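Per-chain residue numbering starts at 1, and chain names A, B, C and D are given in the order in which the chains are listed.
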Amino acid sequence: MGKLSTLKDAIAEHVPDGASVAMGCGLESLIPFAASHEIIRQKKRDLQLIGPISDIQFDQLIGAGCARQVTAAWVGNVAAGLGHNFRRAVEQRIPAELVIEEHSNFTLGLALKAAAMGLPFLPTHTARGSDFARAAHFAPVSCPFTGEELLAVRALHPDVAIIHVQRADADGNAHVWGNLGVIREAALAAKKVILTCEEIVDHDVILADPNRTAVFGFCVASVVHVPFGSHPSPTQGYARRDDQFYFDYHRQTRTREGFLDWLQTWVHDINSHQEYLDRLGPDRLGPLKPSQDQRAPAINFSA
Amino acid sequence: MKARAAYTVRELMVIAAAREIRDGELAFVGMRLPLLGFAVAKELYAPRAIGVFENGIVRDWPALAPIFTMSDPPNVARALYCGGLIDVMGLLQSGRVQLGFIGGAEIDRFGNVNTHWVRERQKRTRLPGSGGAADIATLAERCIVIMSQERRRFPPRVEFVTSPGYGEGAAWRERARLKGGGPSRVITTMATFSFDPESREMILSTVHPGATVADVQRETGWPLRVAANIGTTAPPSAEELAVLRKYDPNGIWTS
Amino acid sequence: MGKLSTLKDAIAEHVPDGASVAMGCGLESLIPFAASHEIIRQKKRDLQLIGPISDIQFDQLIGAGCARQVTAAWVGNVAAGLGHNFRRAVEQRIPAELVIEEHSNFTLGLALKAAAMGLPFLPTHTARGSDFARAAHFAPVSCPFTGEELLAVRALHPDVAIIHVQRADADGNAHVWGNLGVIREAALAAKKVILTCEEIVDHDVILADPNRTAVFGFCVASVVHVPFGSHPSPTQGYARRDDQFYFDYHRQTRTREGFLDWLQTWVHDINSHQEYLDRLGPDRLGPLKPSQDQRAPAINFSA
Amino acid sequence: MKARAAYTVRELMVIAAAREIRDGELAFVGMRLPLLGFAVAKELYAPRAIGVFENGIVRDWPALAPIFTMSDPPNVARALYCGGLIDVMGLLQSGRVQLGFIGGAEIDRFGNVNTHWVRERQKRTRLPGSGGAADIATLAERCIVIMSQERRRFPPRVEFVTSPGYGEGAAWRERARLKGGGPSRVITTMATFSFDPESREMILSTVHPGATVADVQRETGWPLRVAANIGTTAPPSAEELAVLRKYDPNGIWTS
């Protein structure tokens, strides 16, 4: 179908400077780090990063100077705490000023859901009483039946969503299992989707279990085969979380210089995802592979 | 605060959290201490409790392996349900989740929690933001806040309300018609607090073994109201500690 | 867990006269006919039937005098056309007057979804311009951001949802595959759920594939083991559609007398679901069993 | 209307429906004639078309076995996607579905369709209702209506608008700000119709082989506007018929 691509080409073609980019939509798993490292290497600028949690991914992009705005519920390092680049950007404009569009996890999900469903807003009871809910992407709305006041969350349409999945066919129809976060909403809310995946499978595999289809090929612009493409975040059934990587990042990026060193080592000095895996090395990757084979029980789909 | 011989303060906090979970309840159990509390509660006094996680996971048994995020594979495998963020937040919004745990950088007299901005010596520090905390604080029937008891973290009024407690006090939540019940308890490194049902002010309920009311007052930024029947936080039983240490054998979270 | 029950006890306990009952939530499949026949046998009265399509199920309940109101998008016989009992009730008040709360499929889904999510309404672009959208369960609502006018659909909270599924554990946690219709929404919107299922499985089977869990045990009041409990409607992997049953029903129920005969034969003269299956007989049931075993492909859930 | 030797009227209608589906489009293909049309289109001129069904199914190939409802097992097995009703209706509402087919008991001059109530000789007959028809009519970019050409089914104004067409005519949809584009074509047992881009009145575009404009007028309840370039509906090709008959070998839907 012509959607199979390299990471280099997919990012070059579908992530222009100034684009709004949804990532980290599975929350702490399935984060497309291989793709965001490529964004950094290609020196994309003025991006609007969209994602609920983003666990160090947005911190890296901010530190690398790719981001103009973050639309998120939380930016930092889930296991270790604060994101040093996020702090430097917000507190000291280093490397640049950063605009923050604040959300809670739920409101960010609803903003993407509204867009996915073709609605300009969705109502909710959440975040009423939170100071961040005074921003312009929230507004009061009354229930026409009960008179209750709710919070309307404005729809959010990313230019592109980058999503890491377990398996996809060459047209971008994807099976995902485990926690789904806001993956389904982001794929439908975005104008287009870049998929990175652990395995490319025959279309027949997708059709054999249609209840697992979480992303439609008709939303997808590029499909890239990137095993361990979520490292250091986990991908259920394919990769465990590399906790030490997050702790090391936290320690090494306390200073701007430390971050620049980190970036040189893990992004700029690396020309392909294979080189990245080589740098991690088999001793580190081996233990990240799931040890058992916990199969889902059989179901019969026959007519 | 030196009860090290028998148990650590964090172990005490976990057990205090565990005791808040009633049998059959659904709870947003978060990570670290309350997640361990969920494990203890499941084994000892709330066998039918269910843990809900913002990433879309619902579990009826605690993962045994230590995890650093709710999306770590041991927390996903053999879950009761895996779906989306909106699905589980819908359970919270519809009142099916009774209980939620949150943490914070600052909490004030009326239980409002800040995880956005703090100011220390004129310097403002940006914190990560709400995550799901504002959702839990707004919507859960009962919200439990886990805090480090430090004066700078207990200002009379938080600089920024990330997760609303009782706002400005009496009847504020009712006037604002927030859906959830508000904070029911604060569990800190020195004490536990409840809230006055009328004035909605935080009330010191128990002090942990080894701490005094004066200790707690020293680490609180306003004149504390103290419960008439103030007591000592019940220490963990041997059974509670044994279960807890099964889930955190190396004390990653509780040492 | 004490939820395992007989159909007789489940209906007696959880479907009082006057209850609002959601059924047919999978649309033309998974219709819990065994349960609705038991409702007829127990002479439940003044029910409010809720369901998008209901393919002859609501027609039977209306003809049997169980229903006071129908909240639906469509009532009839999908393969054969009109529902004769529905017509007689609406046109001639036979056997009784029937109130209709009109919906489209989408608005009925949204009404249940709103309730499932704890919202008093959900907005939509659909059905604006349809005459039925002038009813009181719809109202205009403006987007506070764009000014667009949308249609608000009022939340709908059934007293009970009766749902047929492929497999459930004894606590009511259920796996469903194939089309899901409004099953998930109805289970969460309802105050309680009665499950009928093709198989009772160990809790471990549910945990081994959590992405298939469509109904939570904590919503469920009763679990009833009823193989072929959706007959004549299909259950993917367990039962094909018995098309002839629908055509026969259509022909035999043209007159009130014909319907009463049908009811005597297929409901009143039958004391249990086993007797119903016996009446169908092996020659009829045999060909309704799926012939092949189309298994879903393996996935690995291991940590 | 006697073209039986080569093909039936229903076969002609299926082929006319098939020709409305463009490659790569998503279409709510309903049941019976348009579902067969989807099968023909997929094989002959829209290989990347995708069929969407209200019960939550999305398919990129047509089921081979004859089915009576969209939830029949052959329509479920080996689908591209199985989810819920709201999921697929969301695709429609968000504009990802370009095309939808509906049927009706009555259609009027401006393409409004009624499937709720009809009146014949003072007697009102209750019909099943909207199902998903109102959703498709409101939201799809292009809506195709399949009808039996009978005078009683073509009144000047429908008694009840189940599925809005162009309402009262010119600019009505725009004023009402309906999201979809409205009916683009009507395919009947005698003819096909389009709609005037200004007045939004139904216009006779083609008559089927064997029928005349006068025949169609006789079965229409208002003075018909006839297209300047009115022609004959292109008959099915041998190839189209061969494919169609593969999917309906016994003529269940088309005889």
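The working rule: contacts are C-beta pairs under 8 Å (C-beta built on N, C-alpha and C of every residue); 3 or more make two chains touch, one makes a residue touch a chain.
Quick caveat, the model's predicted, so the values are computed rather than measured.
Student: Taking contacts as defined above, which has more of them, B-C or A-B?
Tutor: Top pair by contacting C-beta pairs is A-B.
Student: How many angstrom lie between the centres of subunit B and subunit C, each centre taken as the mean Cα position?
Tutor: Their C-alpha centroids are separated by 41 Å.
Student: So, what's the distance in Å between the C-alpha centres of subunit D and subunit C?
Tutor: 28
Student: Cα centroid separation between subunit A and subunit C, in whole Å?
Tutor: Centre-to-centre distance between subunit A and subunit C: 38 Å.
Student: Could you tell me which residues belong to subunit D and also touch two or more other chains?
Tutor: Residues 57, 72-73, 76-78, 82-83, 93, 179 of subunit D touch two or more partner chains.
Student: For subunit A, write out the residues touching at least two other chains, lowest number first.
Tutor: Those would be 118-119, 124-125, 148, 177-178, 180, 208, 211, 236, 240, 290, 294, 301-303.
Student: Are the chains arranged, by touching, as a line, ring, star, complete graph, or other?
Tutor: Contact map by chain: other.
Student: Going by the touch rule stated at the top, which chains touch which?
Tutor: Applying the touch criterion to every chain pair yields A-B, A-C, A-D, B-C, C-D.
Student: Applying the document's contact rule, which stretches of subunit A touch subunit D when the two form their complex?
Tutor: 115-119, 173, 188, 206-208, 210-211, 213, 216-218, 301-303
Student: Where on subunit D is subunit A touching in the complex?
Tutor: 24, 26, 50, 57-58, 63, 65, 72-74, 76-83, 90-91, 93-96, 179
Student: Hey, which residues of subunit C end up touching subunit A in the complex?
Tutor: 118-125, 139-141, 143-146, 148, 150, 152, 154, 166, 175, 177-178, 180, 205, 208-209, 211-212, 236-238, 240, 290-303
Student: Give the list of subunit A residues in touch with subunit B in this complex.
Tutor: The touching residues are 26-30, 52-53, 55, 72-76, 78-79, 81-83, 86-87, 90-91, 102-107, 109-110, 113, 124-133, 148-149, 177-185, 233-234, 236, 240-241, 243, 246, 290, 294.
Student: Please name which positions on subunit B make contact with subunit A in the complex.
Tutor: Touching subunit A from subunit B are residues 31, 53-57, 68-73, 76-78, 82-86, 89, 92-93, 116, 123-135, 137-139, 160-164, 167, 173, 176-179.
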